[in-house]
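Each of the two complexes below includes chain A, the first together with chain B, the second together with chain C.
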Partner chain A sequence: MTDDLAGARVGPEGTGAGAAPLLEVRGLRVAFPLERRTVYAVQGLTFEVHAGERLGIVGESGSGKSVSAQSIMRMVPFPGKVTGGQVLFEGRDLLGIPDAAIRSVRGSKIGMVPQNPLSSLNPVITIEAHFREVLSRHLGLSRSEARVRAVELLGSVGIPDPAQRLHEYAHRLSGGQRQRVIIALAIACRPRVLIADEPTTALDVTIQAQILQLFDELVAGANLGAVLITHNLGIVAAHCDRVVVMYAGRVMETAPVVELFRSPSHPYTVGLLRCVPRVAMHKARVFATIPGLPPQVTELRDGCPFAPRCDRVSEQCRRETPALADIAPGHALACWNPVTDAAARAEAASV
Partner chain B sequence: MSPSAALGPGASQVVGERQEALLEVDGLVVHYRITGAGKVFRKHETVHAVDGVSFDLAPRETLGLVGESGCGKSTTGRTVLYLERPTSGRVRFEGRDLSELTPGELTALRSRMQIVFQDPIGALNPRHTVGQLISEPLRVHDLVPKARRRERVEELLGLVGLPADAASRFPHEFSGGQCQRVGIARAIAAEPALLVLDEPVSSLDVSVQAQILQLLVDLQERLGLAYLFIAHDLAVVGEMSDRVAVMYLGKIVEIAERDALYARPHHPYTQALFSAVPVPDPAVRTGRDGAVVSGEVPSSLSPPPGCRFHTRCPLAQERCRAEEPSLEPVGQGHEVACHFAEAAATARPFGRLATDG
Partner chain C sequence: MTTVQVQLEPAKRASTSFWHAAWYRYRRNRLSVVAGAVALVILVVAVVAPWVAPYREATIDLTHVLARPTWHHWLGTDEIGRDTLTRLIWGDQTSMSVAIGAPLVGALIGLPLGILGGWFGGALDWVVLRLIELFTMVPTILAALLFITVFGVSVWKLALFIGITLWVGFARLARAQYLALRDRDFVQAARAGGVPTWRIILVHILPNAAGPVIVYFVQQIPYTIFTAAGFSFLGLGIQDPTPDWGKMINDAETYLATDPLLVFVPVVAIALACLSFSFVGDGLRDALDPTSK
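This part shows the complex of A and B:
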C-alpha cells in the first residue's frame, strides 16, 4: 500500500528543487478502531509546506482533513492511531520521536490554531497565565519577561489595550478576540509552521475577514509555512497558495491555487466548485449538486472512493484505486477519467 | 381559516404593484430583561434584540434576512410566529393580528406558518422515529384521519426525497442533511403558507447544502410557499431570495429587491458584508486592499446612540453619532437607513465587493 508514496510529490511552482520543505508529510495513514468496525480516516496523505507558503487543505466533513492536522502534532484523539507514514520536520520524523521530544515541538516550533475559539482557552485562568505557561515552558521566560512578551504579542494580533486584557478571563472576550488570543499563543514561540484548523468557522463574516487578514500578515511577516484547513473554497481562493483537495481520507487533487480554480480536473473538485454558493447577480432556480453523501470509510477496498457519486464513473473506477500522478508541474490528480473539457471547467469556475 | 378570506386592508405600500401581503410586520420590538452583574446589587439590564423592525411578505415570495450573530434575525423569525411575544409592535398574518388571537386560535393558525431550525439534528427528538416526528403535526392539527396518517407520512418523505422506510428509523441513523429533510417534512406536513427558515443550511457541507436549497426551491414552486429565509451568508441568501433585508443590532438598515440590493448596495454595513464574503476565485481578492471592516458588533445591552453602525463606519460624521437615521426610499422598493445613503453608494468605503463581476 505504498502507491501514494510513489505518486506525485506535491511541490509549489517556482520553488525549484533547491528549497527544502519545512514540513513534509508522506503517506500518512490514520485509523480509528471502534468496537465493531474500523474507520480509516486518512489513507496515504502526502504533501509539503515551504517557508512563506500557505497550503490549503479542503474537504467536506469526514474527509480526514482535521485528523491529518492533529496527527502532524501527534494529537489524534483516542482511539485513533497513526498506522503509517512519516511527518518530516527539521530532519526528524515526528511520528517516531519520543513523547518528550514531540512536546518541545508542539506549540513551540509548530503552532496550532484549533477550530473552536470559544472552548480552546482555559476558563479558570487569566489570559496572562496562558501566555506564562507557553513562554516559560518553551522559552524559559520569567514571569515579568513573559508579561512583556505577552503584551507585545496581543498588540501584534490587534487586541486593543493589551496590558489590560492580560488580567481578564476568556469569557470576557468576544469570539473574534478569543481567536486572536489563540493565534497570539500559537505564534508566541516564533514557530516555523502554523497549522490553522478551520480558524474562522465559528466567527461572523466581517470578523472572519479580519482574522484571515491577520493570518496572511503573520505568514508573510515571519515567513512561516502555513497549513490552513477549511471547507470553504472562497477562503482557499483568497488565502492559500496551494491546495490539497481531500475526499474520504485521500488526496483527490492538488495544485497551485490559480491552477486549481482555472483548470480543476477531478470530477469531485469540479463538483465542489459548482456547489459553492456565489454572490451572483440573479436568484438561482437550479442548484448544482453532487448527489449522495460523503462516505465514512470502514473497509479498505479497491476503487475510487468518489465513484458512487461521480458522473464520469467507469468500470475501472470501481475496480482500481487511482494513484496520485502529475498532470502538470505541481498539479497532481488521482482519477481515471479526469475532466478535460474546457467548457465544464469554465462553468465550474465561474457559475 | 381560508387563506384568502380574511385579508386585511394593510396591503404592501412599499412597492407599488406587489400583491396583498401574507405577512405584515410593523414596528416589531423584542426586549429581554436580564439580571446582570452589578457592583453591590445585581442590576437589571435590557437586551435590545429587535428594535423596530417592519417588513411584509407576499404569498410565494422569499424575503432574505441577513446579518451577523446577535443582529436579531433569529429573534425576528421566532417572533413573527409568536413563538416569542414581542415587547411591542404588530404582526399580521393572513390579515389577522396575532396579538388579538386566543391561544387556541393561535395554535390553529400555526398550521399555516411553520419553522425549520438551524441545528437539524438537535431539532428532532432522538427518541421518536422519523414517522412519529412527521406525523406529530398531523396529529396536533388533526389534519389527516389516523388511518391515513401513515400514507401521508410516506407521501411527505417522498416530497423531501427520503425513502419510505425512513419512517421506522431514528434521527441518529441519518446525516445532518437527511435530518434537515425530516425537519422540512415536519414543517410542510401541516400545509403551511409561510415557512420561516432559520439558517437551514449553515451547518451542512457545501454539496449537501446545495441539495437542500434545491429541495426548498422545488417545494416553494410545488406548494406555493412563502419563505422568510434567515441566514448570515449573502451568497446563499442571494440565491434564494426575491427581496433581502439586512439587519444590524436589531434594526433593518437596508431592504430592497434582491437584484437592486446586489447591484448597488447603499448602506456602508451592507457593503461591509459584501466585501467580507470570500469569493471562490483566486483572481478576485476582495478585502485585499486593507478595506476589511474594523471593530466588532457593539453590545445589544447598550446599542450606540444615533446610527448603530457609526462605531465601525468609515464615513461616520457628527450627525451619525447624534441622530438615528430612519429607513428612507432611494429607489423603487429600496430603502436605506443611512444619512448619507447616496454618497455611501458612490464612495464605496470598503472597495471591491463580492458582487463586482
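This part shows the complex of A and C:
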C-alpha cells in the first residue's frame, strides 16, 4: 500500500542530502472562503524534509505556518480548503488519499505535537487511556502491551515514576510534564515525521529549553524528519538544520540554518533577524521592529506580498511576484532586490 | 513549651478523577445527601414494589371500605377497600417508571440530534435547529394531551408522550456542549493522533459533556412526576386498576372532608419525590457543573 506510487517520487532539488525526502510539500495552496471574501492563507508553499533533518518554519503570526502544518495532516479547520499542491509522503500524495487512509497516517506515520500542551490532553480520561487509544489503533497492541509500551515511552521522555503517572489525569501534571506526555504520544507509534507547532509557546523559558532538547534527542535517536514551527529565531538557530521563512503564505527564503544566519538575503529575513532582542540593544532602549502588519491576503494580485513593508521596494516588486530561485546550493530566495550589503547582513547576523 | 508536630508523611492520595472530585463536592452539600438517600429509597421501593407491598395491587377488601389505619391496613383503605399503603407503593413504581422513562426517551431522541448538529454543523445543524424551533413553539402539555387523546394511555405510553416533549432541552444542551467542545485542543490533538470521528464523539467529548446532561436529566424528573400526576388528577393519565399517585388524589378528593388521610398520603409522596429529586439535581449541578453557579 505504501510503495505503489513510489515512482512518483521526485528527487531533492538543490539540497545537500542525496536520498529522497521523507516529506515533500509542493505548491500547497490553502484558502478560507468566508462570507464576503476569501482569505488565501497559503499560496504555493514548497519545502521538503529529509530523515534526520529538523526543518524550521518561521514567520510572523498569520503568515500561514500553522495552517501549513494542519494541511499536511489534512486537518485544516472549517471553512478552510486545500486548493492546490501536493503533500508527498512515502511516495503518496496525502491530499488525495481516502479519509480512512489519512487517519492511519495521523499519529502513526506522522506525529504531531500541538501548540498548547495545557489543553491538549483530555481532562476526563487517564494518561494511560490516551496511550492505549493510539497504540491499539495503530499498532494493535493489547491493554497490557500498551501499558508496558506507555511506561517505556514516558520514561524515554523523562517523566519520573512513569508507571504511577499512567493512572493520573492531565490536571495533576505540570505544563512541562504534559508537553512531555504529548511528545511521548506523538512518537508512540514510531512515526517517520514529527511536526511540532510552536511546542513551547505555553511553557516558561527553562522548560522550553528542556523540551527542545528532548525534541533534538528524539529526532536524532529515531532519525526522524522534523518540522518545527515557531516565530522564535533563537529556537531556529539552536534546534533546526534548515529554515523556511514564510510570509503571507509564501516562502520568502529558505536555506541551511548557518547559511541563513550568515548571509540572510531577503529583506524580510534581515528584518526578522534584526528584531531578535539582544543584550547590546538595551542602550538604544527600543526594540527593532518591521513597520506595519502582515497582510491578510484576500485578493490574488501580482507583486511581492512584502512590498508594502519593505525598505528596498522597487516598481518591479509591486508589479511582479518574484519566484523562488536558488542563489546558492540549498539557498533559495524570492526577491527582486535581495540584501547583498555586507554591513546590513552583519548587523542582522550578530544574533 | 508547645510541641509542634510535623507530619513527615507526604500527602499521598490516588489521582482524583473528575468523578471523584464531583462526589467530594456533592458530599459537602448535606441537603443533597439527605435528598439523595430519600430519592434512593423511593427508587428502590419502586423496583421491589411487588415484594414489599402488603397486598396485590388490585386487591379489594369490601369489608373494610374507607377504613382508618389498622394493623391490617397501616394507612387505611379507600372507598372500594383498596389498601392505601399498597397503592402508595405500587403508585411509586408507576410514578418512577414515568419519571425516569420520560427523560430517558427525551435524552434518547434529543442527545443524538444535538450531538450530530453540534459536531457536524452545516446543513445538518440547520435541520436540527429548525426542528428544535418547531417543537419549542408547540406547548408541551398540549402536545402530550393530544397524544393521549389520540393513542390512549398506559404507563409506557405516558413516559413516551412526555418524553417526546422533553427532547428539545436535551438536544439544545448536547448541541451547545458539542459546539463548544469540538474545537478544544484535546479534540484536535485526538484527531492528529488518528482517532476516528465516532470515537472522538463518544469517548472524548461525551464524558466531557456528561456533567450538564446528567444534571439536566435529574432536573427533569420532578417536572415529569408533577406533569404525570397532573394528567392523572385530570383523569387523563394512568387509568384503573394501575395505582398512581395522581389518580389517588383524584379518587380521594371526594372524601377530603371525611377522610383527609386518603389525600394526604399521595400528596406527601408526590411532594417528597419532587423535592428530593430537585435537591439531588441542585447538588449534582453544583458538583458536576461548577460554571453554572
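The rule is short, and it goes like this: the second predicted complex is superposed on the first by the 325 of 351 C-alpha atoms of A that agree within 3 Å, B and C clash if a C-alpha of one lies under 4 Å from a C-alpha of the other, contacts with A are read in each partner's own complex, and residues count from 1 in each chain.
One rule holds for everything that comes next: contacts are C-beta pairs under 8 Å (C-beta built on N, C-alpha and C of every residue); 3 or more make two chains touch, one makes a residue touch a chain.
None of the values given here were measured: they were computed from a predicted structure.
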Here chain A is shared; do chain B and chain C fit on it together or clash?
fit
Which partner does A:A288 reach: the first (chain B), the second (chain C), both, or neither?
first
So, does A:T38 touch the first partner chain B, the second partner chain C, both, or neither?
neither
Chain A residues in contact: does chain B have more, or chain C?
B
For A:V205, using the defined touch cut-off, is the partner it touches chain B, chain C, both, or neither? Pick first, second, both or neither.
first
Taking the superposition as given, does A:R103 touch the first partner, chain B, the second, chain C, both, or neither?
second
Could you say whether A:N122 touches chain B, chain C, both of them, or neither, answering first, second, both or neither?
second
First, second, both or neither for A:L185, with chain B first and chain C second
second
Where does A:S136 make contact in the superposed view: on chain B (first), on chain C (second), on both, or on neither?
neither
Looking at A:S156, would you say it contacts chain B, chain C, both, or neither? Reply first, second, both or neither.
neither
With the two complexes overlaid on chain A, check the angle at chain A between chain B and chain C, Cα centres, nearest 10°.
80
Shortest distance over all C-alpha pairs of chain B and chain C after overlay on A, integer Å, is 8
On chain A, which stretch or stretches are contacted by chain B in one complex as well as by chain C in the other?
none
Under the touch definition given earlier, write down the residues of chain B that touch chain A in their complex.
68-69, 175, 177-178, 205-211, 213-214, 217, 232-236, 238-242, 258-259, 262-263, 272-288, 290, 292-294, 296-297, 354-355, 357
Which of the residues in chain A end up touching chain C in this complex?
73, 75, 77-78, 103-108, 112, 114-116, 119-126, 133-134, 137-138, 167-169, 172, 182, 185-186
Chain B partner, complex, touching residues on chain A are 60-61, 174, 176-177, 204-210, 212-213, 231-239, 257-258, 261, 271-273, 275-291, 293-294, 349-350
Where on chain C does chain A make contact in their complex?
14-18, 121, 183-186, 188-196, 199, 203-204, 207-208
